[in-house]
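Below are two complexes that have chain A in common, paired first with chain B and then with chain C.
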Partner chain A sequence: MAGVLQRETPKAGAEAVGHARPRHPRRSRSHVAVFVAPFFVVFALFFLAPIGYAVYQSFFKLTSSGLGLTEPTLDFAGLDNYTAALTSPAFLGSIGRVLLFSLIEVPVMVVCALTLALLLDSARARFRAFFRVSFFLPYGVPGVIASLLWGFLYVPQTSPLVDALALVGLPHDFLGPGTILLAIANISTWQFAGYNMLVLIAGLQAIPQELYEAARVDGATEIRIAWHVKIPLVRAPLVLITVFTLIGTLQLFVEPLVLKPLTTAISSDYTPNLAAYNQAFAQSNIHLASAEATLIAIMSFVISFGFLRLVNRKGKRAW
Partner chain B sequence: MGSKIPRTARLAVIVTMTAALGLAAACGGGAATEPAKNQASGDPASPVTVKFWSWVPNIQKAVDAFNASHPGIKVDLETITAGPDGGYAKMLAGVKAGNAPDVAQVGYDSLPSFLVNGALEDITQYAGDKASTFVDWQWQTGVFGGKVYAIPQASGPMGLYYRKDLFDKWGIEAPKTWDDFAAAAATIRKKDKDAYISTFAANQAPWLISLAQQAGQGWFSTENDAWKVTIDNPDTRRVAEYWQKMLDGKLVKTEADMSNAWYRDLQTGSIVGWIGGSWGDAIIRGNAPKTSGKWAVAPIPQWPGADKFTSASWAGGSSSAVLKGTKHAAEATTFAVWLNSAPESVNILLSAGYGWPSIKDTSQIANLQKDDTVFPFYGGQNIWDVFKEADAAVDSDWRWPPVSDALYASITDNAKAAVQGEGTLVDAFAKTQQAMVEQLKAKGLNVTTGG
Partner chain C sequence: MVRRIRPATVVVMALLGAAAVYFLLPVVWVLVAATKSSADLFGTFGLWSPEPQLGTNLGRLFGTGDGLFGRWIVNSFLYAGIGALAATLLSAGAGYAMAKYPFRGREALFNLVLAGVLVPSTVLALPTYLIFSEVGITGTFWSVLLPGIVSPFGVYLARIHATAAIPDALLESARLDGAGEYRIFFGIAMKIMSPALVTIFLFQFIGVWNNYFLPLVMLSDQRLYPVTLGLAQWNSQTFRDPAFYELTVTGAAVSALLLVLTMASLQRFWRAGLTAGSVKG
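Right after this comes the complex of A and B.
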């Protein structure tokens, strides 16, 4: 019961502070300002300002005339860049592609991370520390390196994996148009499942032992404990990793960028982020790139907050 | 210690002042409109600093040689990422912000983009008389509307690299025409189930473009006040149909060139040929060193019925462009001309693997006469003879569009789709034409089409 009591305390504490606040002298507010100012200054300079500038840029475009031998002019374009992005089949296709990718990757990721966490948390687990570190290790590999590494395993000429699969007659084309998305999903699952597992393990360790004891007294097996006790109690971290994964998949970039030279299945606007990158750095159209980036941000925002609303309805607030 | 700091500061002030004076002097010289400014060499006592951005490996050696022989001009090299990988974005941003270099490495294919972005300086008055030094088609890439904006550096004339030992073993002659090439491809498939004559590199826009360039009709031109787009033309369609047949018959691989898979295939003899630029010799030597002595280079196969030998150049080539906003256009031009035409410099750049020289007279370039690292790899063949002939046979009417980055992205995306079986290569070029027309229109430029 101690754990249950602890869970209640923060709320009670917050209320207490809330009541106490008016009694604090005004001077403490300036103290607060001094301590939070560095954060807000840096936040404004390196977060809000660039975003604001990108949004501002997205309303302009460079216009040349005739043959373009004279210097181009920068004109206010209203929503032209947004219209251009949203009517471009390639950009819309890239959005559809990451939505499909999310649909595959999010459940796979959550199930993988949860399974690993439950296995390590089960009473019979051995060498926990070793496995925890091993599962977490891929997270320490930078995304580019991870993609290069898997790239070598996907290319027939350099891959022992492809040879082995071909030998036993299993499908082994990782870089075809139908399989490349799964190949990318594999890389990101490999990389992030261990990290998400750690988040869940932290949640699992906060569950008081008394609950398990009570369940065992009632005759519950390990599997039933996992299903009826553990999973409902890690709902909050589960929602958290789902949102992380959602945002991550919508912003898919590194894996397709690194794999692009290895396959004919990845185009220069394969994902929305790749399309914006291509506009900004290959085609020097920072205005269209800014509009695309803004659209990606809005999309991630709407989808992740939409998901939170969905899971938090009926007063069951996850976090 | 106390006196040291002021002294340094004083020195700094003096240096700054002399530099400022030098600058004023240079400006004064310019205003005097003497013909001497053609040979701007600066004042050795207060050298003018010329900023130079490039990504060519080892170009520092050439810059050092220039600085040693030109006491009046001091060139500061900054090595940047290659143009298409962000270097151009950096240059254009620099021009906008007013801190661009005086001279920059710009590919022939990107000069029109730079011009449309207002990023090039007119250097006609300093370089106008240099045209005869350079190969005509290369010189023309830096000339727009009769004005000179860039000094050509190097090109990548195309040739056919092939495994002579295997061709001999299989009884195949180096293909002279594209029909021979297709026949050779089929023979190779029969002789060795793992070997292909080459890959169809859908990832490589410059390669695809050079194949079309060699076939005849160009893709872009200007007509009155408008850009004329003619990608979907009979000659290019012939190229597309040819390679579509090669793909359908599975006579070529479809992997990316210059990828790990491709390097491995070169090493193992799974790919026995490559239609590549003159600088490609270093790529083969570097990545398949154990095949030394087994390669040879033949001229690029010709289209049946061509009235004269024609070649093409991989992405055109690269130039030294003088960027807008420079305060030392005369000195910048002096450097750009020297860098790309002085035999000493050309020799250095050639051994750095930068491509085929842009100068007409290559008799002074020692490495083109005899090269003990290159020739033995090709069984003693002087492969430069092949590329010299190829460079002279590049069409000088070919024009790049002011949207070549978009062209590259569009053509690779469409060619990749065709390789995946979504439409044909003919469709791919037609779709690319459509995309280019839209790109140019979106920039506000006048566009017409033809074919």
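Right after this comes the complex of A and C.
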């Protein structure tokens, strides 16, 4: 997401009251609906309705008669599906796993993106355009393709990486139970660090150069300028990339799905999204799958809003 | 003038160089691997191709299954292109109206849009599948195209940009000159908003192109697959027939290269878009 999310500034409200409106009291206002309605119609159809329908389905379940001779009946189940999901060790395990994944991936991502942005923004950097394009390029590689590529680089038979690590005697098992989560984190970092770096660079370029001049006159080194001037001033974009990384990590799906055939360390309910997918298609239980999908949405909302509230309370509002 | 090279420069350049190796390695690997036979893929060093056979591989890639791969590429362009174009138009209209016309419920609607920005597409895939199967349009071209025309982020960006970039005085004078609201929008507002609109288009294009969960649950007919789903499916066949390794790798190389070239050529738009988003950040 490009910009810094922000609500409307007071100016827009004031201008609305200020003028323009009373001048044309009889002007038809149907055009407003023509501009606004198409988006909200498709938003309702393909965004709100699916969510509502999934929530609705999550309150039902199919009950088959004892012998399974008659058609199963659809019964209101109350919160049964939610209880089932939240007491299932596999689903809870998958939630724990993505939380652990977020705990690793979010700091790694933010530090990488920030380091790259500061390096490229530093006065010492040369060939900036080349580096910017190389770092940003993986963003254009779809998650599936990225996972396929790294999959080949993780498998000993095809990987020059494994060869090289083995040659110098470093550990080189990327697909074991202890390292697979890090292997997945690496794919996410590779894909999105460059994009997040661009968001930060855009923030850094908005800082007036006089601030650096002043700091240099005061004898500050480049590193001190980075730490005391640049980082505090890109706080808002930092919060933004943190939130979107957080949301992304909780949604983990494609990478483990693609890597799954390469390793026994990934189960069919490795992440919450995989568990819901598995529930819907392998187990054909769309009601439990709906409850799980709803729980995933709630979890990602609560965590991202919680984080935004936390950072907004600590300092000035970033969002 | 000979510039003295400082130690700090060496450190910075070494770090940047190492990062470039990291980011480019998989791309270089796949480009090399695309020139190999399946046997060489497993038998030779990853970054060197002793007997390049790119032509053979490309021939097989585009020949398999009556040109299935070419179809997938075209499908991806259709899903992403049409989806992003429609999303951009809808977002432009809604964002512009929300920026420039006060109306009741405006802020409530905008808050709904903001909440939508935080809902990732993976959350929506399964619910969308459920409701689409209820109306019976799963498995069709539309089932992948239609969800792609909604971009809450686009509305958000269009509104922020329109508020900042379109002066009210300009709209007033156009009205005094007798221009209707639609003409003002299509003739003036869309032009001023074009940097933001390009950004919205690109984000949505990449978003739809990269979306895997949605086509995965919606489609069963191979001929409707986007390239991501098709390649993943070939990859899952490799255990059955190792020839699919060649196809998957060459296909991955072609589709990665395709997007990389697109991204590189559109780089200036990206930069403009990134700053446009944070006008008042």
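Here, the second predicted complex is superposed on the first by the 286 of 319 C-alpha atoms of A that agree within 3 Å, B and C clash if a C-alpha of one lies under 4 Å from a C-alpha of the other, contacts with A are read in each partner's own complex, and residues count from 1 in each chain.
Criterion: a contact is a pair of C-beta atoms (placed from the backbone, for glycine too) under 8 Å apart; a residue touches a chain by one contact, two chains touch by 3 or more.
Worth saying up front: this structure is predicted, and the values here are computed from it rather than measured.
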{"item": "First (chain B), second (chain C), both or neither touched by A:268", "value": "first"}
{"item": "First (chain B), second (chain C), both or neither touched by A:280", "value": "both"}
{"item": "Contacts of A:258 with chain B and chain C, given as first, second, both or neither", "value": "second"}
{"item": "Between chain B and chain C, more extensive residue contact with chain A", "value": "C"}
{"item": "Which of chain B and chain C A:76 touches, first, second, both or neither", "value": "neither"}
{"item": "Touching partner for A:157 - first (chain B), second (chain C), both, neither", "value": "both"}
{"item": "Touching partner for A:49 - first (chain B), second (chain C), both, neither", "value": "second"}
{"item": "Contacts of A:149 with chain B and chain C, given as first, second, both or neither", "value": "second"}
{"item": "Contacts of A:177 with chain B and chain C, given as first, second, both or neither", "value": "first"}
{"item": "Residues of chain A contacting chain B in one complex and chain C in the other", "value": "152, 157-158, 261, 280-281"}
{"item": "Footprint of chain B on chain A - complex, ascending", "value": "62-72, 84, 90, 151-152, 155-158, 177, 261-265, 267-269, 278, 280-284"}
{"item": "Residues of chain A defined as touching chain C within the complex", "value": "1-9, 12-13, 15-17, 19-21, 24, 29, 31-32, 34-36, 38-40, 42-43, 45-47, 49-51, 53-54, 57, 115-116, 119-120, 122, 124-127, 130-146, 148-150, 152-153, 157-161, 163, 190, 193-194, 198-199, 201-203, 205-206, 222, 236-237, 243, 247-248, 251, 253-254, 257-258, 261, 273, 276-277, 280-281, 286, 289-290, 293, 296-297, 300-301, 304-305"}
{"item": "Complex contacts: residues of chain C adjacent to chain A", "value": "6, 8-9, 11-13, 15-16, 19-20, 22-27, 29-30, 33, 41-42, 45-47, 90-91, 93-94, 96-99, 101-103, 107, 109-110, 112-114, 116-120, 122-124, 126-131, 134, 146-147, 149-150, 152-153, 155-157, 159-160, 163, 168, 171-172, 175, 180-182, 185, 199, 203, 206, 209-210, 212-213, 217, 228-229, 231-232, 235-236, 239, 248-249, 252, 255-256, 259-260, 262-264, 267, 270-271, 273-281"}
{"item": "Chain B - residues contacting chain A, complex", "value": "84-86, 88-89, 92, 113, 115-118, 144-145, 202-203, 222, 225-227, 254-256, 259-261, 264-265, 270, 402-403, 405-406, 408-409, 412-413, 416-417, 419-420, 442-446"}
